[in-house]
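Two complexes come next, and they have one chain in common, chain A, joined by chain B in the first and chain C in the second.
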Partner chain A sequence: MPSQPPLPPLLTPYLSDLPESSLTVISSVLGATSNWLVLRYLHASLSNTANSNTSPENNGSIGRTSRKVVLVSFMRSWDFWKTEAKRLGLDLARLRDKRQFVFVDGLSELFTPSASAFSTVPVGSANHATLPLRNRPTPVPGRGPPAAGSLDRSAQDRRVQGDASNSVRLHFRGRGTAALDAIEKDIISELHRQRASSDENEELLLIIDQLDLLLAATGPGLGIGATEMADWVMGLQQHAHATVLTIAADSPLIHNAATNVHGDCTPIETEHAALALGLAHRARTVMQLRMLETGAARDVSGVLRISRGGGWNAEAKHSLDEKELLYYIQRDGGLRVFGRGES
Partner chain B sequence: MSFRKRNVGLSTGADRSAAVSSQSAPIESSPGIRPSPDDGRPTTSTGAPSLDNLLAGHAGLPMGKTILIEENGTTDFAGALLRYYAAEGVVQEQKIHVVGVPEQWGRSLPGLIGTAESLEEKRSDRRKDEKMKIAWRYERLGEFGAGVAGSRDPPSQITAAGGESEAKPAFCHAFDLTKRLTHAGISNMSFIPLVPSKDSPFAAILKELQGALLSSPANTIHRIVMPTLLNPTLYPPSASQPEHVLQFFHSLKALMSAYPTRVTAMITIPLSLFPRSSGLIRWIELLCDGIIELCPFPHSADTVATSGAATSVEEPPQGMLKTHKLPVLHERGGGSDQNVGQDWAFTLSRRRFEIKPFSLPPAEGDTEAQDAATPGGMPKKSDLEF
Partner chain C sequence: MAPSNLSHRRTHNLLLISKLLSLRDTASPFTLLQDSLEQPAAPLVKEYIRRAKLSKVHVTFISYETLKRPDGVDAFISTRRKTPTEIIREASSAYHQGTGTEPVRRRLIIIDSINPLLNSKTLDPGFHLPSFLGSFIAPSASSNGRAEASLVVTYHQDIPSQSQRDHYSPPPLSMLTYLATSIITLHSFSHILARKAARDRSFVPPVFGLEEVQDGVLLSRLDKLAGTGTAEGVVLELEHRRKSGRGVLEWYLLPPASRYSPHHVKEVVTLLDDNVLYNPPKEAETSGGNDEPQSTFELGLTDRQRRDREGVVLPYFDAQQGDGPGEGGRILYDMGEEDDFDEEEDEI
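Up next is the complex of A and B:
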C-alpha cells in the first residue's frame, strides 16, 4: 500500500462531484503524462463501492452516489491500467466483472487489420519469459468482419475469450467521418450497456485517454480534422453523465500553429491546436500538467494547474477554485500534491 | 514475481562483485533477460552498460518497450548504439529484425570481446599499467564522476581474470567497433526491406513483424532494429506522412503490448531532417517509451584524433545526451528518478559507449580549481610525495 492516501485531500474536490454533462480536459506534455491523474479519477469514482480497505477519510468526502466508468484508451493497454490501478488498491478486473467498469481498447487493433491473430497469444503475466517452452499458437478461425462482430457479440461471449479479449477493441477502417462513426457506435453501445445495467442514481463517467491520437494518426489526408473530432466528442458526451478527456498539449503541437505565420506548419499541428483549444473552450475544468519551468527536481514531478475552462458556468452551484499545485509521483506509485513552497 | 527472483535481480543490478558469486545458478531460462531491480519486470540489455544504467533504475531496457534515439547533425553515434543493441541481441541468441537497410548492415556489427564485466576489469588493469605519473596521486580518490548511478566497482575489488567470467551467463557484453562480429546467430537476423507500395510503406513491415512474432516459439526474444527512420535515402517520401508513420508507431505499440515479455525495439531518427519542434516528431515521441537525444559537439572528431594515449582514460566528451522520457517511469508520471534532470555527456570509443555526468573541465593552468574539483578536497601530503 502506498504510504500516502490514494487521493490527496487537495485534489478530491476536483476529482469527484462532476456536474451533469460537464467536460473536463486534462492536458499533458511529453515529460508530464496524465496517466496518474486518470487513475485518480478512476479511484475517486470506483473505490467507494469496490473497496472496503480504502482509508477511512475517503468515505466521508466522496461517493454519495455510486458511479460507473467507461475508459477508452488509445495509447495504453489494459495491462497497464490494470497493474497501475492495483498499485492504488483498485482491482479493475473485478470491477469489470461486476459491470462497474468497462475498458474499451483503442490500442490493440485500431490500425492493424490482420490482428485477430493477436488474441490467440495469451497476454500479460501468464506469458512470462520463464515459462517452459510452449507449443506454437495456432490462429483462431476467422470470426467475421471485426467492426461488426464486436457490436454483435454479447458480453457473455466476450467473457469466455479470456482476460485480454474481454474488452471491446476499436477498429479504424476506411476514412473520414464514416470511420469515426463506426468507432463512436462501438463506444456508445458500451455506454448504453452500462447505462442499462445501472440504477437511476448511478452516474456514468466517460474517460477518453488521448483521443487526439486518433486525429494525429489520421488527419486531413483521411478526411478527419479538428471539427470532425470535436463533433465526435460531442456525440459521445451526450451519452454520459460527465466526460474526462486527456489530450497532449506539447508546445510543438499547440504553438506552431499560432506562431508560424509563414505557413510552414503542417496540418497535424494546425488541426491538433484547433482541437485542443476548442475542447478547452468547451470544458468546465482544464487540468493542465506540465514540467517545472526551472528544470527537473528530485521531489517534484511536475506542475498541475487547475483552471476554469470556457464552459464553466458562473451560476452553477458547484464552485471551482483555480489553483496551481505541484505534484510528485513516488516510486511506489504514491502521490503527493502540495502548493509551491510547501512540502 | 517471487521474492527470490527479485532478490537475485537486486544484487545483479546493484553490485557486480556480489553478482559473481550469486550468478552461478541460472536465474532465468532465457539468456540476456533479468528482472529489474526496481520492480522485477524482465529487462534486457541495450548492449551499452552505461545506457542500461540510465534507464530509470531498471538496469536494462524493460521488455515490451520502445526506445527512440534521436541524433542531431550528420554524425552516426546513434548508429553505433543501435549496432551495440543488435550485436547484444545476436550474442544472446535473440531474434533480430532489422528494418529498411540492406544486409551489409548486419555484417558491420561490432565484434565481441567478452562480457561487459571483463572489459571493466581489463580497463582497470590497463589503467594501473599505463597510468600517467601525474595522475597516480589521484588513484585512491577514485575516478571522478565514475559510472552512472554508482554502478561500477572500485578497481581494487576486481581479482578475477577475464576468462573466468565467460562461464556464467552475462547480461551485457562488450564489443569492439573496429572488429566484426562473428557469431553463429548472425545469420539468424532477418532483414525486412522497404517495398514500394501505393499504400503505407510500413504496412508490409508490420505484417512481417507480426508474422514472425506469431510463428516463433513463446520463449524466443525478439529485437526490432530500425536505423535512421524516415531517412529519405531509405524511406519513400510518403513514409513521413502522419497517417503512415504515426499509425505504424501506434501499431508497433500495440504489438509491444500484445507481447509484453518477448520483444523490445530501438529506433534511431535523424533530427536534422525532422526537428523536435515539429508536431510529427512530438507525436512519435509520445508514442515511444524512451527518448534519448544525442547532441554531438561540433568538430569533436578532431579533438579525439589529437588526443593521444595520454588522455585515453579520461576522454573528452563527444556530445551531450538528453533523456526526454524514460521507459515505465514517465508512463507512471515521472520525475522521481535520480538520473532525470542531469546533464549527461557521452563518449564513444572503440570499445564502449560511455555516458557520464557532464562537467566542464577545469581551465588549463588553473591548478587551484583542479584541486578543488577533486572529490574529497586536497590530497594529503603523504599522497603527494614521490
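Up next is the complex of A and C:
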C-alpha cells in the first residue's frame, strides 16, 4: 500500500488555500496529464468529511475548511473519476449522495441529438448508458469496463425528476453563445443548489476538466471562439468560491499560432492558444505540467511548475511561492512530489 | 553615454513619466500598455489607479477579464455579453458631472484587456475600433464642459490574434499602436537583467516563457530573484509621441508596490539607467592610486632609504666633470659604518 500520504506535503498549501473568486489554471500536455492533480484537489476539498484512510498529519495541515465541489468533466466519465478517487480513498458516490459533491457530465451526451435525451424510458437507459452515443469522436474515457450496475442505477436515478442528487448531463444545442448559455445555465443551477444546501462557511469549489474539448468540438464554425469560452468561464466563476480548470498546453496548440505571424495556422490553433493564454492571464495560479526535458525516467513522471498568473494580486494576504517540482505517480496511484535533486 | 545626456534625460524624462502616470495636462489621451504573461500589466494599472486616487480622478474600469472590482475604482463595468455600443453608453453614464459648484474631475478609463473584444466572434462586422476607443476619450458633444478623459488600454502581446476578417484593413495591433499617443511595453526586471548580463558577455540573450517554445511551458519562473528582493519591479519601455510630433523613447523602472506607501506623493519611477543593478557604477579605479604590483615582498622604500638613494652620485655625473681621461667615472664609495672592509676586493 502506498506509504505516501494522498496529499504530498509540498503540494498541500497550493491545493487547500484557494482565495475567493480565484482562478487556478492547470495546463497539461499529452505525456503529463492533469487527472492526478484534479483528484488531489478533490481530495483536499472533500477528504475531511470523508472518514477515509487519511493520515492524521494530513488532517492537521489541511485545516478544517470543508468545501463542496462541483466537477464538470468534458473528457472523462463518471466511472473514471469514481474509480480513480477510490484509489485515493475517496468515495465519490457516497459524497454525491451526501450532496457534498456534484458531478456534471459533459461527455456522455454532449452532442447527443436532443429528442432521445429525455424521452428514453428507464428500460432503455441502461443500454444507452453502456453504449454512449456520440456523433463526434471523443477520446476513450476511463479505464476498464464500466461497472454496469452502478451506471444502471445512476441512469435510472437521473430520470427521476426533482431528485437532484445525481449527475447532470450537459447537452450542446444550437450554436454560438446561446448554446453556451444553455450549458452555463445547467451548471449554474447545480452550483446554486449546492450553495443553497451549504452553510455559510462552506466554500464552493468549481472544477472544470478539459474545457478545451468544448472549444475544439465546436469552434469558430459554430460561432464559438476563445472570447466566448472565456466569457462562459467568467459567468461560472461568479457563482463559485474558487475555480480550478484544466486545459491542454501541448506545443502545437500553443506555439503554432504564436510563431506563425502570417496567419496560416488553423482556427483551432489560434483559438486554443488564445483561450489558454487568456485564461493564464486571468489566473491567480498557473500549474504547468510537462514531461522531463531530458527524456523519460523511471522514477519521475513529470515536472510541475507552479507560477503566478496574470491575475495574481501582490497585496492579497494569500501569498504564493513559485516552485518547480518533480512528481512521480506510482503504479498503485500513490504520488510522490519532490524538488530537483531530492528524492 | 555622456553624463550630461543622462542628467538631461533624468530631468526631462522623469517629468514626462510622472506627467503620464498622473494624467496631468492630458499628456496622453490614449495610452496602450503592451504586456505579456511574463510581465502582466496589473502592477502598472494599480499604480495608475493609486495616482488617480491621490489626485481625485474619477476611475472607470471596463473589465473584459477581471472578475472582482479592483480597489479604488469608482465605476466597474462588466462587459460580459454586451455590445460595444452598450459598453460606451454605460461608460459615459458612469460619471455624472455635478452641478456647477463642483470642480470638473478628470476621468481615467481603463480597459483591462482589449484582446477579447478583438477576437470576439459575435462582434458586429461593422465594428470600428478607432471610433470605439475614440468615443471614450471624446464623448459626444451633447454635454459641454465635459471632463477630459484619458484612456488606458492593455493589450496582451502573447495572445494570437485572429486571422484577418477583412484583408483591406490593418491588423488590430497596428491600429492600436498607430492610434496610441503613448505606448508602454512592460518587461520583467529580472529578465532584463538576465538579458543584459548575457549581452555584456556576448552570449545569446536568454528567452523566457512562451518564447522558449517548450512543450507545456506557458510561464517561466518569475521569482528566481524574488527571494533576494533585489530584482523586483517592472521595466517600462515608453514611447511617447509629443504633440509636436517628436517621439520620446525611454526605459523606466517601476518598483514593486510594497516598497512605498499608497499615499506616497513623490515620484517612485526611476530611469532604468540609474538603477544600480542594471547599470553598476564604474569600478573606482583612480581612487586607490597605488599601481604597484601586489606581492608578499615589501617592494616599497622607507623615507630614509629614499633619501639615501637620492644622495648617491652616479659615476657618469663624476665623469662629466672633465678631469681628463681616465680620471672621471671612478666609483667613489664612502664606507658606511655597517660595511666590512674587504682587502682583496680593493684593487683599483
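Heads up, the rule we're going with is that the second predicted complex is superposed on the first by the 286 of 343 C-alpha atoms of A that agree within 3 Å, B and C clash if a C-alpha of one lies under 4 Å from a C-alpha of the other, contacts with A are read in each partner's own complex, and residues count from 1 in each chain.
Here, contacts are C-beta pairs under 8 Å (C-beta built on N, C-alpha and C of every residue); 3 or more make two chains touch, one makes a residue touch a chain.
Given the structure is predicted, the values throughout are model-derived calculations rather than measurements.
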Touching partner for A:T24 - first (chain B), second (chain C), both, neither: neither
Chain B versus chain C as contact partner of A:R282, first or second or both or neither: second
Contacts of A:A226 with chain B and chain C, given as first, second, both or neither: second
Touched partner set for A:G311, first chain B, second chain C, both or neither: second
Contacts of A:Q194 with chain B and chain C, given as first, second, both or neither: neither
First (chain B), second (chain C), both or neither touched by A:M75: first
Which superposed partner A:A216 touches (first chain B, second chain C, both, neither): first
Which superposed partner A:T246 touches (first chain B, second chain C, both, neither): neither
Partner chain(s) touched by A:A296 [first = chain B, second = chain C, both, neither]: first
On chain A, positions contacted by chain B and by chain C: 32, 250-251, 265, 267, 269
Of chain B, residues touching chain A in the complex: 28-30, 33, 38, 42, 63, 206-207, 210, 214-215, 217-219, 221, 241-243, 246-247, 250-251, 253-255, 257-262, 276-283, 285-287, 291, 324-325, 330-336, 338, 340-341
Touching residues on chain C, where the partner in the complex is chain A: 35, 37, 40, 42-43, 65-68, 80-81, 113, 115-117, 119-122, 156, 158-164, 210, 213-223, 226, 256-258
Chain A to chain B touching residues, read off their complex: 30-33, 35-36, 74-77, 79-80, 84, 107-112, 114-115, 117-118, 120-121, 123-124, 127-134, 136-137, 139, 213, 216-219, 221-222, 248, 250-253, 256, 265-269, 272, 295-302, 327-331, 333, 335
Interface residues, chain A side, partner chain C - complex: 21, 23, 27-29, 32, 176-177, 220, 223-228, 230-231, 234-235, 237-238, 249-251, 254-255, 257-259, 263, 265, 267, 269-270, 273-274, 276-278, 280-282, 286, 288-291, 293, 305, 307-315, 321-322, 324
